[in-house]
Amino acid sequence: MAFDSFSDFVQMGGYGFYVWLSFFLTFLVIAGVALDAAIGRRRLQRQSKTLLRRKQRLSKRQQRQASPVGESKR
Amino acid sequence: MSSSVNSTALWRSVLVRDLRIAARRRSDALNPLLFLLMVVTLFPLGVGPGPDILARIAPGIIWVAALLATLLGLDRLFKDDYNDGSLEQLCLLSQPLAFTLTAKVAAHWLLSGLPLVILSPVLALLLNLPLDAWWALALTLLLGTPALSALGAIGAALTLQLQRGGTLISLILLPLFIPLLIFATSAVENAGMGLAVHGQLAILAAISVLTVTLAPLAMAAAVRMSMN
Amino acid sequence: MSSSVNSTALWRSVLVRDLRIAARRRSDALNPLLFLLMVVTLFPLGVGPGPDILARIAPGIIWVAALLATLLGLDRLFKDDYNDGSLEQLCLLSQPLAFTLTAKVAAHWLLSGLPLVILSPVLALLLNLPLDAWWALALTLLLGTPALSALGAIGAALTLQLQRGGTLISLILLPLFIPLLIFATSAVENAGMGLAVHGQLAILAAISVLTVTLAPLAMAAAVRMSMN
Amino acid sequence: MTQFASSAVPLLHADGVSSIRSGRVLFSQLQFAVQSGEIWQITGANGAGKSTLLRMLTGLLQPSEGRIYFNGNPIEKVRDDYHQQLLYIGHKAAVKPELTALENVYWQRRLNGDTNAKNQQQSDWDVLEQLGLLGLEEEFTGLLSAGQQRRVALTRLWCSQAKLWILDEPFTSLDVEGIALLQQRFIEHLNQGGTIVMTSHQPLNDPQLPLQQLALAAPQYEMLAS
Amino acid sequence: MTQFASSAVPLLHADGVSSIRSGRVLFSQLQFAVQSGEIWQITGANGAGKSTLLRMLTGLLQPSEGRIYFNGNPIEKVRDDYHQQLLYIGHKAAVKPELTALENVYWQRRLNGDTNAKNQQQSDWDVLEQLGLLGLEEEFTGLLSAGQQRRVALTRLWCSQAKLWILDEPFTSLDVEGIALLQQRFIEHLNQGGTIVMTSHQPLNDPQLPLQQLALAAPQYEMLAS
Amino acid sequence: MWRWLHPYAKPEATYRLVDRLLPWFAALTIISLAVGMIWGLAFAPADYQQGDSYRIIYIHVPSAIFSMGAYFGMAVMGAIALIWQIKTAEWSIPAIAPVGAAMTAIALFTGAIWGKPMWGTWWVWDARLTSELILLFLYVGVMALYYAFDDQRTGAKAAAILAMVGVVNLPIIHYSVEWWNTLHQGATITKFERPSIATSMLWPLLISLLGFMLLTATLVMMRFKNELLRHELHRPWAQKVLGTAQEAD
């Protein structure tokens, strides 16, 4: 142990601000990247769902177009 | 009356469409900013790190960057619309062309001039510009960049069909940028030394007002000319 | 054997045709030069009359101007050929594409790099560069600008498919340009102080040789990629 | 200026119109009147001056000689009114490759003064579907095939209120089915009192079309004498 | 790889070629062989994938599945040889608007490896005359009419030695007389043992042409299943 | 020689592999980082010159080194993607680039923060600092290029080419420190020289190095999984993994 007390540890021989700031920011960046990856997965889930919905809508529209009923429009 | 309302709606449409096209890709919106940052890092690298020298040449650097950012997108300003026929469609609208075209210039300014104004404090910081000069720099950019866009647009319109005249006119236009640069940089320098800057700012504002109001007429004439 | 002879003939054809087309659009061909002159004349105006400061920042300014001038015409390099289908015809020739494309790079260098080298004494004069540094400046430009063009061509080829590649090109390229900038400016500064410059010149030459020989491969890959 | 009885004032009237381009006479002293409800096909060999004539009719180009009248007034005098009634599709399609098909339709309508454009999203979808672009509405137009891009441009014919259509080779790149669709639309437009002036190298084969033709002679490539 | 008896090796052979673009299947498992001396017309609605197929045949585009063989060898293996025999004219005409018609012809020949091109000035004039561009040889191509620009692009068919022509809608913008001229040239080329693969929405109406057709079905716009 | 790579050209197999490895990497990362950081912060002795401020070294140096390491890895992936046309290698580029950029950012501001007490200024236009900034630009360029294309495969190829071209810059950037130093002015940079570090300080540094290496790998793998899924979104296995497959029918 290089420090005598906890407050010594926090003060870092007067450099506490710099040391802790850099450690804190580092943690922030890493957490940000990790969080982004997690959110990315959520986003993919949503995307996958809309994709499936779009596919369904498309096939429905195609069916409607194929059937003669669709032509009566306008 | 109703026609003027329509004009404004049309104006907004042209503007928003241009912004939409520019912002089609997420990264494109950020690019001008990054580009500016990079231009500004280039100079310290080339000139050497002495902060005093950097601060002295900072206004010049930032203004050159502004010029460049303006010039970089400029030849595309009307060209794409000309090539794909959108421009002739604008000529065929029942609204005055000169007014419609200003929307395109506004879009250009929003994409190249405005980011510069917003970013200027950061740039100033990077280049060790004295605190007093920050606001002056931002002000000169705010007042000067619209004129850059408007003058540039004249050049872009004139070179549309790339006939012989193009070169001559760019030669005439480019020197028009220089008064802007002189007044702007001297304003920033004066501000850095605590001197008055009203004079230069007034001149910048005057140039901007003049060009922004008169340039559309020249632009419209040039565009119609290129429709042949 | 006959194929290699053909390659050279083809190379010359592409080069001459590009120069011919550029000559037709005189305004395009002149733009880089005009821009350069403007940047260089602007700086004395922006920085103020002190010749010592000017001389100190001169190499940096000229080199940054060179980088930016290279960037200006760059998005056009392959774009027109891509849009009108000429580029796909080049892909369909029975000669290696990488080699053919270097002809276009050579044309670009002749139009943007070479004028700079030739003009550099004038620029140096305008910026009060010490006499000893003139030849160093010209040499660094002569050795460095081919690399600028070659690297630039990679950027242009990569952004070929993108409608608005202009700023993205700069974003991609400036980091690649920076080593050149560093060595070149330090060479000119050393020359101004009467120190040896062989080291930097050798490195510049090495970078140029390396990029000019390797860049065509990347270019060809990028062009083929954008044919989809 | 020629005078017409008030009822007989033609919609569009070319009076002694000539075109001289780089010292060559393309056509001279053309004289014709397009009445409301008519469809005119300008024919002629490549380079006969068809596109030039159409651009003169729109006002984009000034005739070297003569004048063009809209409802009896010179078009340059009533430009804004005229352009409100006019829809021109030239060789260039005015379609933005960076926008999706849907966005192209939307902005085309906006630019043509359709202020409550937002409410018509649904009809945009329908128009695109009608033109065979089902499922491609949100694709970038630049990635569509040549004919599909042309179709996106042609949606303007379905969205516009303009009375007078001036169309330069609208059938380019279209497949057979597309050409039929377009001719169908022409008939609808004419039935609603619209007017069409167009060029095409392909015959308009729908017998229902009340076709008028104007043939431009192949130009003489001589230097202008005087 | 399919094997052929030595005499029957087709000039061009598509083996199980598929195209998948942005998740949509345009065509799949195409199988056809083009023999020397044949003319093939690829037909299909707008967006069927005709241009895509042609670009795959030239090697500009890689098939998503399958392979294309030239004289029995995969084209990517014999690329230089293949391209020596190949002439491709796509939707984009590869004509430089800044150059005159004559210069365009000259440089096209130069780029295609015609080294003693200078001696052929006269024949360039002749080709241009044949294509109806007499008197326009020294006009900037950008100022010519749509059809005339197309004709400048088509001069390549008169100047080239290539055996295999791949043409994407060559008739676009051409007038009736121009189309006839082109078909005449096709017949000449076929008689000299040449081969043509092309697309066109207009029927090839010359009865002399030994036409083979390949119809592409309209694609299903579904997401890729497997 | 590259045969073993082949099964992993298949996205699904790659996904399964990465998925299986990820927990182990994550656990090891946490352990080694915890050990390294606590040792470095609390137990390693203070520097006789810099006092306790030097403890920033335990993040600054590892992040700086792996900002370059990640770039190199990305370039290697780019080469694999271009030469062997392996799709999964293409997709790893957008997974690596943001992580590398984050490492670069960490190195940059920890350096800046460290510079304030040591040099009295946050930022100097010094070669090493600037070159690290350029590295950040390179990363940003690769990402911007990748996302600029509508067609993801083209974008990946473009990014791969750029990554490979950019790697030529790594040694140049690295050695330009010395060149710049000797040729330019050396006043502010003397403190930059590698301290002859005591073993009591070296050990925690080595462990943090290991920790950052694992961290980089873990973050890349997390993103890589997403990339795999994104490109395979229309395939059943991806839908099953995402738990959206049931709605399909």
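A, B, C, D, E and F are the chain letters, set down in written order, and residue numbers restart from 1 in every chain.
In the analysis below, contacts are C-beta pairs under 8 Å (C-beta built on N, C-alpha and C of every residue); 3 or more make two chains touch, one makes a residue touch a chain.
Values in this document were obtained by computation on a predicted structure and should not be read as measured data.
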Of C-F and A-F, the pair with more C-beta contacts is A-F
Note, CA centroid farthest from chain C's centroid sits on chain D
Between the Cα centroids of chain B and chain D the separation in whole angstrom comes to 36
Dist(centroid_CA(chain D), centroid_CA(chain E)) in Å evaluates to 31
The distance between the C-alpha centres of chain E and chain F, rounded to whole Å, is 48
Expected list for chain F, residues touching two or more other chains, is 130, 134, 137, 140, 144, 148, 151, 184, 234
Listed in rising order, chain B residues that touch 2 or more other chains are 21, 24-25, 27-28, 31, 34, 38, 45, 48, 162
Two or more other chains are touched by the chain A residues 51, 58, 62
Interface with chain B, chain C side, in the complex: residues 24-28, 30-31, 34-35, 38-39, 41-43, 45-48, 53, 56-57, 59-61, 63-64, 67-68, 71-72, 76, 162-164, 166-168, 170-171, 174-175, 178, 181-182, 185, 189
Touching chain B in the complex, chain F uses residues 123-126, 130, 133-134, 137, 140, 143-144, 147-148, 184-185, 188
Residue positions on chain B within touch of chain F in the complex are 25-28, 30-31, 34, 38, 41, 44-45, 48-49, 54, 126
The residues of chain F that touch chain C in their complex are 82, 127, 130, 134-135, 137-138, 140-141, 144-145, 148-149, 151, 154, 157-158, 161-162, 164-166, 168-169, 172-173, 176, 179-180, 183-184
Note: in the complex, chain D contacts chain E through residues 21-22, 24, 44-47, 49-51, 91, 132, 134-136, 139, 143-148, 150-151, 169, 172-178, 201-202, 221
